[in-house]
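Below is one structure, written out as structure tokens; the observations come after it.
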């Protein structure tokens, strides 16, 4: 069987046909547009004129594996509202995660999705691995703990972090240089 | 590269480690249990004792393709709270959909998820296809239109359906026999 | 007793007096206005300047029966945000439904209200009937199944529908011509 | 035309047929039952076993006018979850309000519905009037201001109320005797 | 110990540092701006350009006691979105309430917060008192019952209020003059 | 002026009087009770019989400063549903935070409240400081980053953490011993 990955491709077909079904689809989708320049903002994204919605607004293919040749040995392809503008206001997104053997997706949180606990993924197998995840926001965000703490810009006072993490100030400064 | 599909496998790892992170995890998950016999019901599902949660409550593999050898040429593997009890109260689920060439997932709605429009999927390619979908409910449900209308039990009055669908009563009765 | 139907008339009075009660009513209502031309859109409707709100924004009378002289023998007067702009953001609307004897409101769904199951109403009596319904959205929408499936524009491929509904392609084409 | 009021009767038909449509209706309704004696409580009401749901759980007729022969000249027939147990968890209810000429529904709030401003209705006509209202909760509650302030049990300290309402203490005590 | 009240000061620090932590903070805050002149409105407030957010947007000190030298003997310092624009869309606000001995915060409701029952506070002690309250909206509003009923502008018909409160019309007119 | 802190004391008074105001208060509060032994669980907490609610269920005083004599120089007194059972289902809680000079509340998140970014508080003054914070959940939880990562039980594989934080494995093991 010659199978291939078409994740989120068919979602596009479904939604575009669906709009043909509904004589008053204004509220059923709200395709995101970039904020107009020099203008006001809302929490989330403005919609484009619904009459201008087209199939491409609902389409994204994650058929190709991500490159895991990096220090943590994983690659996350987030499929959020930036990739599928039709997800705007629907409260859902997804991700393809590729892992090299023993690869990890380091400890992180999603500040705008149901699962906000600190969590991570670890490929305990000797082969590559592939996962799909669903997230309960069109824009869940991700905060990788180590980056946020030691790589923030502007940097956090090293003495503060040394006390919080019970680390030597020198180690904190080394970490801040790396991240 | 020897890649394989591990959808929702790593979600399990993430959540089980996450519970180790949180000293008071009661509210962060609520693993579904079946309703106790002869007892009251709530909207949704009761939780098991959180101290009894285990990795299997968060785990489901959809590595194997579904069988598309059927009249519509598709197969939906719903990964909802019945398959992953740990999804209870999280408002999210997923599905793997396999398609034979020109296979279809016929017109349907999800009564308990954001996308409630009548929609369908159709594989326009000459090869098998594979899709993953995310749904904004741990129990989104599915109502296939043709089944619901012509296959309901008890059956709907054929004269009523004949008027609603502008079909001959005889055609309606034939349909009711098939569905 | 000379009684008459004033549904949603008094709702208007209530709300207009209520605004006189509240020294800071900005958030308590958001009277819908049409989208400004050539402009951005949001999910839902923009509000008019609250200082310009007037009683008519909250008022709609459904005193007159709807005309049921049609093939299905019913008439739905939707009282949604298009009729009462003051319903905007309040998450509620209503409908008056008139039925001729044995009239039906054919199978349909409301894509943006709590009750999204396929349902219908049927007047089993020998007299006219009158009903009022409440819906949990200011813009619940309605998708009549038969129209959506066989009357969509652009039309759905007849071969696809023939397979989905187990109908002869010729019957599907006849239906598409009628709807 | 011999028309009659069947408000909320057809809602019942819709829902009972709807359950026949859905092969897994557990989440789509949750018919309220009274709390079991000597038992725990939840916020809202427990559901009865969905297999025991019947048409009567979704049915209530408000065909008969309410008696407006009282000091305020109005009568509210609330159609909430206590009257239609099938409304449980659906977030919606309704009311029939009958008014005598110049009758009033005195200033009140609904603590558990969207519209929580102090509001009232007043029949400015010389004839009886009839209104239907929709409310965004299956159990919106009603607090009539005058009753709540001057008729609470146990009574509020008259000196406190005298200061709050800038009334003479004697007037407050008179009011507390009346309400 | 020389302690002092810094309520909501540290909240500011937390949020400003937090924004340094998050590489894509657009959705995590939405600092309110005043509506642009001659423009459309939304339910709530527009956001300023997130790149222009600064610490002062998240800061408000209620270190100073409010002046309780007034007829009711209390003073409420609401700390809502008008005081801390960074609270916009976060669904939370607070208040500092100062009481003179036997001071009262008269019967009122918050139309846009979880607690919408008629309630009041009363300092039963012989000393000044200080309280902090949290409210589940960035703009909960307050409707003081006596003001709303007897001080509305335009005034409510005195005959109507006389019937609602079982007061003499003359007393109602006196109250309307005072409020 | 002899002022004292009575935070959340008056909330209690408000709510207990409020219940006297409302003839049908069942839904307005749901005082938490501990889970019955050997029984099912729900997401959140069951309510006690509303007829048994008493003032103490809504009362908590944080008049006394917390002890800041500890390595981080701060003390958080969480006032959540465990302290005020009447907060159950209301979606709000609060905290008193005391700081010694240069004391810190180390980097943390609240997994079940609106503000889920990594944040911290730091007393930049030379004196003790006092803050009150409101949180948008009756049970917001707290996950202190350093504890969660290096102090989890069971411990996380040190090699995994060394890679995630770019630390030497020996440093990770030292940290795990301290936390």
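We just call them A, B, C, D, E and F in the order they show up, numbering each chain from 1.
The rule is simple: contacts are C-beta pairs under 8 Å (C-beta built on N, C-alpha and C of every residue); 3 or more make two chains touch, one makes a residue touch a chain.
Everything numeric here is computed off the predicted structure, so don't read it as measured data.
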{"item": "Any chain in contact with chain A as well as chain D", "value": "B, C, E, F"}
{"item": "Most distant chain from chain F by Cα centroid", "value": "C"}
{"item": "Farthest chain (mean CA position) relative to chain E", "value": "B"}
{"item": "Distance between the centres, which are taken as Cα means, of chain E and chain A, whole angstrom", "value": "37"}
{"item": "Centre-of-Cα separation between chain F and chain C, whole angstrom", "value": "45"}
{"item": "Mean-CA-position distance for chain F and chain A (Å)", "value": "29"}
{"item": "Separation of chain A from chain B, taking each centre as the mean of its C-alpha atoms, in whole Å", "value": "24"}
{"item": "Chain F, residues touching no fewer than two other chains", "value": "17, 21-22, 25, 28, 42, 111-112, 117-118, 120, 122, 143, 148-149"}
{"item": "Category of the chain touch graph - line, ring, star, complete, other", "value": "other"}
{"item": "Full enumeration of touching chain pairs", "value": "A-B, A-C, A-E, A-F, B-C, B-D, B-F, C-D, C-E, D-E, D-F, E-F"}
{"item": "Chain B contact footprint on chain F (complex, rising order)", "value": "40-44, 111-112, 139, 141, 143, 148-149, 152-154, 156"}
{"item": "Chain A residues touching chain C - in the complex, by the definition given at the top", "value": "17, 20-22, 24, 26-28, 30, 33, 36, 39, 42, 46-50, 88-89"}
{"item": "Touching residues on chain F, where the partner in the complex is chain E", "value": "1-11, 13-15, 17-19, 21-22, 25, 28, 65, 90-94, 97-99, 114-115, 117-123, 127-136"}
{"item": "Complex interface listing, chain F residues touching chain A", "value": "71-72, 104, 106-107, 109, 111-112, 116-118, 120, 122, 143, 145-146, 148-150, 157, 160, 163-167, 171, 175, 178-179"}
